[in-house]
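Each of the next two complexes has chain A plus one more chain, namely chain B in the first and chain C in the second.
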Partner chain A sequence: MKTRTLPLLICLCLLLIVGVAHAQDERGTLRINHAMEFGGLESLDPISQYRFFDVNARLYNRLVRADAQGLPAPELATEWSPNDDATEWTFLLREGVLFHDGETLTAADVAYSFNRIIDPAVDTPVRAVLGIMNRVEAVDDTTVRFVLNAPHADFPLLLTDYRALVIAEGSADRIEQTGNGTGPFRLETLDLEGTTRLVAFDEYWEGVPQHGVVEIFPIPDATATLQAFLAGQIDIYSATVAEVPLFNQDQVYVQYLFSGGWEGMVMRTDTPPFDDVRVRRALRVVADRQAMLDLALGPNGGTIACDSPVWPGDPYFSQMNCPQDIELARQLLAEAGYADGITVDLYLSDLSQTWTTLAEVYQQQAAQAGITVNLNMTSSDGYWSDVWMIEPFTFTSWGQRPADQILNEGWRSGADWNETYWNRSDFDSLLDRARSALDFAQRKELYADAQEMLWMEGGALIPYFTNTVRAVNNAVTLPEIDYDMVPWWEVTVNR
Partner chain B sequence: MLRALLRSRSGVVGISIVMLHLVIALIAPLIVPYDPSAQSVRLALNAPSSQHPFGTDHLGRDVFTRTLLGGQTALAITLISASLAIVWGGMVGVALGFIGGRIDELFMRLVDALLAIPWLLFLLLIVSVLGRENWVLIVVLTFFYGLPAIRIVRAATLDFVARDFITAARARGEGTLTIVRRELLPNVLDVLLVEGAMQWSWMLLGFSSLSFLGFGVTPPTPDWGLMISDNTRTFSLYPWATFYPLFALSSLIIGINLAADALAKALGIDRTQGAPL
Partner chain C sequence: MPRPYGSGPGEHMLKLALQRVILAVFTLAMVAVVVFATTELLPGDVCTAFLGRDARDVERLERCREERGLNRPAVERFGEWAGGLLSGDLGTSVIRDRPIADVIGSRLRNTFVLGIAAAVVGIPLAVGLGVLIAIKRDTALDVTISSTALFAMTLPDFVTATVLVFIFSFVLGWFPAVTLINVNAPIAELLPNIILPIMVLTFVMVAHIMRLVRTSTIEVLASDYVQMARLKGVPFRQIVWRHVLPNAMLPAINIVALTLGWLLGGTTIIESIFNYPGIGTLLLNAISDRDLPLVQSLALLMALIYIGLNLIADLLTLALNPRLRTLRA
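What follows is the complex of A and B.
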């Protein structure tokens, strides 16, 4: 009898211990979803192309964050200054910042994190943003020097990238399991197909986190995500204007943020028929952008874009006009040898709620110029790994980025996320000259030329920038800041 | 048989619904008031009115027009597939029932195994590999929906093979094919017909599910499954854009089921006694 009860007792004790370990933190649990967009390849390595955004934003810190005006503000670095020709930047680090494992942050950790980005042995899309770094040196424990390949007058802005996160020196081979950073939450369980749990890191340098636990689980479908939010299973939902009347005001509040996020359709400029600039232009000028905006996002859902990814809130934004021009489209197609019309396959998935609508609107508009658009629905999990940048004509969406960053990351020759396979040395040269121009007006002019070039010849149809409409459960207080920049430690959950 | 069928009230209702749907599908292109693909910002999500009796959808398209046209593809593809399914399912079922023995055992286990596959997932797999051409859908639907027919027809055949008239035919020296065609098939034809009608309604549901998931009919072709999916997120705000295609699809399936049940009764087949699906 005794031999039988003993294992049972041990089991009970274990259960009890596990139960205590999982007891709810009284500060509350924030529950969010992710779309499983990388099909289970999501990585805690901040510079991996499969970066697990929602988790990494809580585990790690940047050196510099962007404030509400889009200007650089201190995070792990407290102050910074360039040398005379902006080829070297020196950053002073905050003191007393702790990693989750108890180690103190030093300049060596920062240098290590950023040198990884330019290490040729590491494959990362962040190099497209920060490839301008030549080397990063720890001058002393709290001073880091960035030596650049070329002058860059706006270098601190590049460091606000959501993937330019700091990890501990020498931790690259373990980071995917440990997630050891200096952020307000530390990893408890990583389960990509189940629930990933983060818990408050009470020694966080900015202050004690105001909610205790974050639970992140996959919902790889737009309709299911909305239903989960309406049922109160997740706390934050990125909505469309048309969905707002669905929300119960007693349970949910809605935030409207002017934003530079965008979605659109991208053609591979290295693949027929899109390697012909006339075909690309024809496919873009048939778009009635106002109608697209109104039908896909609803009134006040966004602002018109002219195929340039630089948004109106950016200091380098260039105002252009891009009316629908069916005649021009027909003429261009005829010149390109498609006088009898052209048929193209457009690939999309249910990943974004507006893609299907936008696709159907575009299909109708394009038909007016003799362009037949076949819609190819693909599976939403794995869309970014198996369809996007592989098929010649696909849907895309991007978060808000500063001009220099989006142009270099999305359009510089050979950049990892150069989704239109745009390979133009004259364009690259414009970007280089803009970076080294220390005079703002001159920089602005060069960036305007680059935007003009995309409108005339580029492969991306960018119809609009999406205003962010965010619905939040009443139990959660979320500041009105771009999702990418939310100080998560401040968010409270009262449930 | 037809007279027996028409004596049952539910049979009359069912057949009328199905006939109505078929007629609408045939003449819809002639009677619809609008272009089913015409979009309009101004008209998006308008409530039903005298100009648009069923309202408009999220792109300002006329829901009445799209509902009338929305059954065409589904009806055409499922009618063809259902007919083909009972033909191949019936042939194989009768043959297996008649041959019996090891071959029968082997094939039936194979059928059991195939029936255990979740067909919708399998269909999605095939469509994503081969593309969603109509012929792909027809081949896959025919194959999968023929499987239950094999089971049921084989069971019905087993009732007959031991009877005297088959023995007599054998004694006369008739070949296997002749016996199957002249003696067995006519006797299981009623079972096959009922089975075909039931398969048709299941197939409609299956096909509409595919469209709902975005893998059946390609936009902008109007289709009930696609229309339901397009507007389902905002159902509580603009119910008309979802309700009418939903109603059309449900009424057709209910009609087919009523007709099939009445047919089964008229033919004296108890479907509950058939082989389990």
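What follows is the complex of A and C.
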């Protein structure tokens, strides 16, 4: 009995301390973790390379968000239209939107926020996505005009980027402390090594937030994060399929979300033997993608991909078939002069849990067509700087991106992350034409051609898109949508 | 014939102590060099660790390295850090842009709170059990306690931790599974969070100390003066407290010091499993961030604690054991 009362007493004391310190909001507290991805440099500046994702998503708003179909939907902007050649876009702003400090949102704030992204004096990774902007002007209080360097028919989609958030005019040098945005929660305490607290912003334009407080704790260690979730100390956990059996069905529920994130193997199309399109194709058609998916991720783990990075949830996704074809692989290799088989070195590291499994499965599948795959395990430290895009055949992984963005970031000639060294003016021209085509059907056709080209000739073996597996405490109602699209104000916490 | 106490042995003590101190300083210097060299040899640096695949942007990578002074030769950076150290300045964390002393501050306190609490629970328990099973040696009690302690020691600490978390957090819900409080939180708030870590640490450390105390107690129990005391009819309890315990503790001082050093130097795995905001977790983060100055300072600090405690143990043994401190003329 004695051993039982002591911990109870201590817990009671703790409850008292915590209870006195923070008066609880009756709408409930959502508790989440962050992985200290940037070691304590996490920034409330939305365009900083150290952007504090979980917090910023609640403090600020975008102009445009992506809806369930992947199409742009209103957020701070209510409507938009391009000029005749899609080089200028005009956005109308929602009226009566308030910042946390009580000021009203105006076009000047929006122009200021986006001009920062293209200001050469500001170092931001968002320029890779929105560098196409030439200048942003406030036409009147509620109208903003974006002038682009080149035509872009899907410019609003680019604005759905999770970092394209709006701050108040002239607030850049204070934003890291204030976090003053128009989002559903406002900053109460920022403590990167302790608890960061956000509280509901009741004047939020979309509606009164359904939970009162958000607490964000740093947990750098992956096992500790799982432990915290299992013990009910945090409410949302980004899981893997393998972890699902650990969850107690009475306390948590699991969501499987289709996502456009993917992992795969990339060949440098500028380096022998991968400069021969027949070798590349042979190396890709030997893959049994369903087997890869089943073995690497398990049931509900993902959806099949045919070497195109455009995912099934994207409006420009093009349905293709990519069955395993050992005969075709042998034939292609023979034509390329490797009738007796070919040996390739594949580089990987343990950065991702599934790379090793995927590599071993691929090794077995490729052997059926006389392809010998040597696996080279390298250090996970420095993998992105010393191995990836340097060795001719490496593993890679990408987060979800809209078609235009991923194809331009990863496949346009000379792009920073053009990991297959894909250098094709005809491909670039498809992308350019898609950007200037104001008709959706026409754009869809052009993107379909681009995807087809990657499947026939490309250097990336993309076997599947990874599902997002999310475990949520029963007390929390989380809509089944992508994490960075969740309307946080609607989430309820009943505890 | 041993010399009586006087200036002679005192001088000798001083000389011995001085020797140990010099040796300790030398060891620390070596630790500093080795830690610097090995972290330098690891692939990647602060900038590649942070930028990830953004490091493909050579311009940005260069700018990052420039900002954080990584372009200077390794020897120069080491020299600067070591120089600052001599004047009591631990330097600046390359990532956190804050003085290292400031970054370590409260975390060192937290580690000490956990370490001392674990020592207060674990060490007396181990000594007590050691004496107990020495007195009851070769009985069922001895066998049970010895084998349980050995078993607990053999289990890796992360396994013990997981089992305890499962029982006390998931099933019973008595204690938090991981620590989710501010680095600077008052000690009262730390307490509920350290109960599970203390249990794990106790499991790990008890066997070492207990076995040693058991052996030395058995030796002392068999000694002439204990026999004499028994023959003179001194109550057994008094013999144990007055004669056995102090003498049996002597050989245990060193292992106690080692254990304390291990506890206070940050039990990295335990801290990490429980997300405890001490210097152990800080070291892990610093390594994965390639925050070299912070890694160096932490390694040095841990070495300092370890060496310092061992030094104290050595001197204490010398002071308590006349045979060691007396000149063999």
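The rule is short, and it goes like this: the second predicted complex is superposed on the first by the 292 of 495 C-alpha atoms of A that agree within 3 Å, B and C clash if a C-alpha of one lies under 4 Å from a C-alpha of the other, contacts with A are read in each partner's own complex, and residues count from 1 in each chain.
Going forward, contacts are C-beta pairs under 8 Å (C-beta built on N, C-alpha and C of every residue); 3 or more make two chains touch, one makes a residue touch a chain.
None of the values given here were measured: they were computed from a predicted structure.
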Where does A:Ala403 make contact in the superposed view: on chain B (first), on chain C (second), on both, or on neither?
neither
Could you tell me if A:Thr223 is touching chain B, chain C, both of them or neither one (first, second, both, neither)?
both
Contact-wise, after the overlay, does A:Ser379 reach chain B, chain C, both or neither (first, second, both, neither)?
both
Thinking of the overlay built on chain A, is A:Asp350 touched by chain B (first), by chain C (second), by both, or by neither?
first
Using the touch definition from the top, say if A:Asp294 reaches chain B (first), chain C (second), both or neither.
first
In the overlay, answer first, second, both or neither for which of chain B and chain C A:Ala359 touches.
first
Touching A:Met389 in the superposition: chain B (first), chain C (second), both, neither?
second
Of chain B and chain C, the chain that contacts the larger number of chain A residues
C
Chain B versus chain C as contact partner of A:Ile132, first or second or both or neither:
neither
Chain C-contacting residues of chain A that also contact chain B
223, 379
In the complex with chain B, residue positions of chain A that touch it
222-223, 226, 242-243, 245-246, 290-291, 294-295, 350, 353, 356-357, 359-361, 363-364, 374-375, 377-379
Interface with chain A, chain B side, in the complex: residues 37-39, 41, 44-45, 58-60, 128, 214-215, 218-220, 230, 232-234, 236-237
Under the touch definition given earlier, write down the residues of chain C that touch chain A in their complex.
42-44, 48-57, 60-61, 63, 95-97, 165, 169-170, 173-178, 180-185, 188-189, 191-192, 195, 272-275, 277, 281, 284-285, 288-291
Within their complex, state which residues of chain A touch chain C.
7-8, 10-11, 13-14, 17, 31, 36, 38-41, 49, 123, 125, 191, 193-195, 217, 219-221, 223-224, 227-228, 230-234, 379, 381-382, 384-386, 388-389, 416-417
